[in-house]
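Each of the next two complexes has chain A plus one more chain, namely chain B in the first and chain C in the second.
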Partner chain A sequence: DFVEALRAVVGAPNVSTATAVREQHGHDESMHPCAPPDVVVWPQAVGQVQELAALCHRCRVPMVPFGTGTGLEGGVNAVQGGVCFDLSRMDAIAELSLEDFSVTVEPGVTRKALNKHLRGTGLWFPVDPGADASLCGMAATGASGTNAVRYGTMRPNVLNLRVVLPDGRLLHTAGPGRQPRKRAAGYDLTSLFVGSEGTLGFLTQATLRLHPLPEATAVTIASFPSVGAAVACTVQVLQAAVPVARIEFLDEVMADACSRFSGMGLPVAATLLLELHGSQRSLAEQQQQTEEIVRQNGGSGLAWAEGQEEREQLWSMRHNAWYAALALRPGCQGYSTDVCVPISRLPEVVVETKQDLQASNITGPMVGHVGDGNFHCILIFNSQDPEEAQRIHAFTQRLGRRALAAGGTCTGEHGVGLGKRALLQEELGPEGLDTLRSIKAALDPHNLMNPGKVL
Partner chain B sequence: DFVEALRAVVGAPNVSTATAVREQHGHDESMHPCAPPDVVVWPQAVGQVQELAALCHRCRVPMVPFGTGTGLEGGVNAVQGGVCFDLSRMDAIAELSLEDFSVTVEPGVTRKALNKHLRGTGLWFPVDPGADASLCGMAATGASGTNAVRYGTMRPNVLNLRVVLPDGRLLHTAGPGRQPRKRAAGYDLTSLFVGSEGTLGFLTQATLRLHPLPEATAVTIASFPSVGAAVACTVQVLQAAVPVARIEFLDEVMADACSRFSGMGLPVAATLLLELHGSQRSLAEQQQQTEEIVRQNGGSGLAWAEGQEEREQLWSMRHNAWYAALALRPGCQGYSTDVCVPISRLPEVVVETKQDLQASNITGPMVGHVGDGNFHCILIFNSQDPEEAQRIHAFTQRLGRRALAAGGTCTGEHGVGLGKRALLQEELGPEGLDTLRSIKAALDPHNLMNPGKVL
Partner chain C sequence: VADLAPMSVWAVRVAPGGGVHTQGVKHSLNPFCEIALEEAVRLREAGDILTLSLPQETLRTALAMGADRAVLAELAEGAAAGPREVATALAALVQKLQPQLVLLGKQAIDDDCNQTGQLLAAMLDWPQGTFASRVQLEAGAVLVEREVDGGLETLRLRLPAVLTADLRLNEPRYATLPNIMKAKKKPLEVLPAAELGVAAGPPRLKVLQVREPPPRAGGERVESVESLLGKLRHAGRI
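Let's turn to the complex of A and B:
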């Protein structure tokens, strides 16, 4: 039968129909209910992915790619069943070129594993969504995170992708073995597959752009009298062409939660966490410019952490924001919203959203990649309480629409997945959605790749 | 009849079938023979573009978008006749937002017109392909140029595009009125239309990212003992994380030609032209780092131009490279090749190409955006001599294949147009080209948009 045919391709130990395994692969870190696949397979090589895909294609069985399961929008939930392709055992790091600032990784390689591999080379891969996600998974979801304001999101940092198409054919989005830093050779297939959320094919290898490690790094944290002041400070830092590496916003609720969770003693105020990269000398100048702008906007409490341990302490406070938020209501679940708006509209959108949270009686501290206009409300709620779950849903819809009305997007970096399909329609309009659907139908005519997601 | 119907949409003065006008619109600055459209129309508003497109669509008439005609690969040649849409009279600059670093332009706005408009705002649009091209045309061809090493190509600098689809419907690639700095909301339609060379629709408006003007700028020129030394210097500058704004290579033939054309007295040697942007203080540090690296690689002749006039003199020498090359053989025609390779492969590719030029008895001085691995041979030849034209064609094919063999692309920034379709097949392989064709067929099923180009 079909499962036997899968076993014939990858060997019996690499196929599982056990309930526990299927359930483990049927959901990510989102609030969507688990939807287990019928089978989980662990291919060991790209040829096996091709054979498995061709088999599923012939039998018209849905296929769901799986990396680390750290997505936030239900991207791996097998809502129509089918075969989950767990690609974590394909984990080669190949073709590191220090002169070209490039490396090629398979789907089992996470961003931390890559940066560990790069130690001592003077290069690093800066995109950091928080979780230790698979780099191919980050490409699939168009991930970004704290460093994007300086180093960009995944899209400009992917040079080529090796894709297994739904029928098992192999596509190299920039051509086989190619990695020029720029190209104008036909439609940009690389950018099309980045952010396609597994709906167009399997990303089985990514060639990435690396960046030189900064000679020196400094981190500071400052408290502001208002959200508006913190955002004005951000705009002025960018206008002054300070090449800020990270500029993260925490609202007063989140600053307080993080402070208590990490035992830091921060003021209960709108807060910015800033990181600067550069040579020793340029860093001193960036610090001085930043300090001036912070003070002009009423910011205070500024102190620079330059040693690695001190810096890591500050960032671990930020990276623990999720847990600090969960600690506000023990036993409850969390869900992170993800709107992104033009920065000029950010203060009003943040202030209105805070009023909405209060009026809706929802606990939802905010963190944001404020240099990009992207912020998250970490909504803490009792998912067992249908009334509360409904209230949370209604709030996320209002927030999405508020961002759209401000010229923004319903998702800056988490993707559409299962939950934002309705908002995506409003965001793109009928012509936009028709265009997405035409592309999907052209590349996956039987709708076998991660069906039910995005569109 | 059909022409009457076009007149009914845009008014008789905005429709022309005069031979001189048609011939003027039937070719760009490439070496492809003129292929005039049957009619030229000048729509004045997006609604007219939609009506005209719908009309052509109903009658199955080919459509060719036209901006400034400064393309280099025959993108505007109406090889199947039809209607040329000259969009130069739609030239509004709207929605400049200094806080958001963004602006929206219509197709008649050129990059110089935009930067003039931005004077005094502290912002600028850095992408500079040389010609004073239309910004929508630059988006259509995926242009880049000298500043791309620091500020990127067109792709990361376009936030949204208003597209008239082949049937006249209006698509906003990031949704109507939206301009977040990043988004993860469905397939990246903006990146798909950037570089589509008019084959998927008309770009009737582009929302662009602006950048803060640097406080200070310095330019220098240095001579090197070999191509390898100049490239090694480039790699080391990038590895040292010097945020170089422009790093341009001239081979000894081009350096000599430019020197004579501009009366500069440069050594006949592999040459780098470097531009640095920053604050006064950071500039001093960048200059010092750059000088050290230049000297370590045997570079000499270094002197910094910091005043605007001096800097412009150096850049006008570089921007006149085309005319300096043409002056090597008066009365002849020029054609610019455009390969781009991983930078580690650049020295061997450049050296082999120089040997090939010599063995083929072709005059072809080189300039290159060496920080990106992109270089041009400006081939000077007598297009009236069929033997020579054939020799030139054979050379460009060998050069394209040499770049492909080195993991590069046949076109870094000029596009595929008419002349590189065969090389594109080799670059992408059958699965890649099939994928392009599927997308084209999905979005332009009757092949009416700029037929005969790219694929």
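Let's turn to the complex of A and C:
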């Protein structure tokens, strides 16, 4: 019996076929309907992951990796059933090196847990996608966040990955026990597995690049007369080589929603939330440069928050954007779009998207990592209303294509998952897709790793 | 005053002789003491900040956060470090150094006693403002807002005084690398606890037993109300 064989590897308490447990592992934070696996297992060590994978491979059973279930594209939905590998019990933090600025973490370690562990060392891991996600999960989806404009996304911050391949073999993408800050040794396997969304293997350990904590931080909010003005301000701040740490955009609907939800009293206008990092002296210089550029673009309301509590207050207002948007239409569901375009095309894409929202009668406040040209429409709709659901679906397809037409991508940070496979084809073209398929076939010829996703 | 507690992310285990296993367990700054230290750093125009700790390891973090100098009170191997011992050591140090204000965390997260600040104030015969959520210095006095069961209470205490910090007093800063490097040069004095009057005798508190909670038993489905009542009676619940 297959389930008995699973129990023999990890022990009976670490295998479950209970309905509630399987349903909990069959969905993430996206709108895709729950697709429960047939069984959930909790391996405690990488050797067990290998044994389980080899077993599933022999019996041709699909395998789905699971971290924190906080993804946004249905990456953990077991659309072909199979075994869900819940890796959260493997939670070791090891090999912290303060001189090499690196640390290795297993899938059970979340980004907040790592930063808490690093407290007192003067280092931090800056990639912040919002949710308290598993770091290996963030590597699997190529996550990004508000800090990417200065510190990069997951890709440049993952130095090595310990991968269990679909047949159970163990692969270290940069070689076992290595974390050089740069390397030119062969094809970049680390980068291949980052963003592979569980379709090429299990990421059972990641070696991450750490950064020094800034000495001083300042945050400000500025309101602009138009979206164009806010984006122009962003471009100029970047062109002035101000090493801005975060630059977030809220359209007037989002600014109003956030302001009301958090009781902040912001003007209802296109808004930028900026954060600067540096030494005390360099911060003062950055602040001066930023103020000048903001004023030149008609921005107003600039007041710097430097104390820990005030900064936390401003950012939690932004982080609560999801809930603030949901509060606009209580009882409805939310869906976050995710396109990324060259910054030069951002104003026109945003303006067209807003016109589309109005024409389609959709509630969709916008929030964006403007420094990267990446923005999200948080669409609030009644999923029980088939007509509305259809309008939403059509809108997201148009938005994806609009971004592609502007030279961008249909997904800046959330991944392809279940819902964007068709758009991926349009984005990469037939040769691109064929190359991806060749790689997939080479590593997972029986299509057992998270089938139905990405390709 | 900075106290130490085992880091909360580590699995807590009962040691063979009773008590909690602490060998090789990573220790960190007690969160409430961290808040007290942060408040002291913010009030620093009032003068030097001295931190005192019983076991060591994270005094350098306190220095990196902004304390000016540190004193490590070294206990004899295996000696008790409960509220009475800490308060005694602090009282001795206070007599020597004559500070105007002593800030402590309201309680340590390993024993949750919530006694050290109060014992210290009694030993020194100083006024105390415990569970502080807001602190404001005035000339010769301190205005303290305290979180009490009925709401918020504001006291004006003549200096010198003892205050204990509660969660909402502030958000402590992270130590940055430049400050960690500067902290290496700040003075750290080691004093044997006996010199601070901490008696080497047997502890006044005896821990009778420490045990883990019973392992979780599986649930059971019953077919009828009678069956449910029978099982509850059998388990002595009704």
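Keep in mind that, in the parts below, the second predicted complex is superposed on the first by the 455 of 455 C-alpha atoms of A that agree within 3 Å, B and C clash if a C-alpha of one lies under 4 Å from a C-alpha of the other, contacts with A are read in each partner's own complex, and residues count from 1 in each chain.
Simple rule for what comes next: contacts are C-beta pairs under 8 Å (C-beta built on N, C-alpha and C of every residue); 3 or more make two chains touch, one makes a residue touch a chain.
Computed from a predicted model, the values in this text were never measured in an experiment.
Enquirer: Considering only touches as defined above, state whether A:Leu443 meets chain B (first), chain C (second), both or neither.
Expert: Once the two structures are laid over each other on A, A:Leu443 reaches chain B alone.
Enquirer: Using the superposition on chain A described above, determine whether A:Glu431 touches chain B (first), chain C (second), both, or neither.
Expert: first
Enquirer: Among the partners chain B and chain C, which is in contact with a greater number of residues of chain A?
Expert: If we count touched residues of chain A for both partners, the winner is B.
Enquirer: Looking at the overlay, what does A:Ser196 touch: chain B (first), chain C (second), both, or neither?
Expert: It touches chain B, and chain C stays clear.
Enquirer: State whether A:Ala113 touches chain B only (first), chain C only (second), both chains, or neither.
Expert: In the superposition, A:Ala113 touches chain C alone.
Enquirer: May I ask you to decide whether A:Gln308 touches chain B, chain C, both, or neither, giving the answer as first, second, both or neither?
Expert: In the superposition, A:Gln308 contacts chain C only.
Enquirer: By the touch definition at the top of the document, which applies to A:Trp124: first (chain B), second (chain C), both, or neither?
Expert: Second partner only, chain C.
Enquirer: Would you sort A:Glu413 into first (chain B), second (chain C), both or neither based on which partner it touches?
Expert: Only chain B is touched by A:Glu413; chain C is not.
Enquirer: If we overlay the two complexes on their shared chain A, which of chain B and chain C does A:Leu165 touch? Say first, second, both or neither.
Expert: Only chain B is touched by A:Leu165; chain C is not.
Enquirer: What residues on chain A does chain C touch that chain B touches too?
Expert: Chain A residues touching both partners: 122, 212-215, 279.
Enquirer: Considering only the defined contacts, which chain B positions touch chain A in the complex?
Expert: 97-102, 122, 141-144, 148, 152-153, 155-156, 165, 169-189, 191-192, 194-196, 200, 211-215, 235, 238-241, 243, 278-279, 281-282, 285, 289, 338, 340-344, 372-374, 404, 407-416, 420, 424, 427-429, 431-433, 435-436, 438-439, 441-443, 454-455
Enquirer: Name, in rising order, each residue of chain A that touches chain C in their complex.
Expert: 113, 116-117, 119-124, 212-215, 279, 308-309, 312
Enquirer: Contact residues on chain C for chain A in the complex?
Expert: 9, 28-29, 58, 61, 64, 170-180
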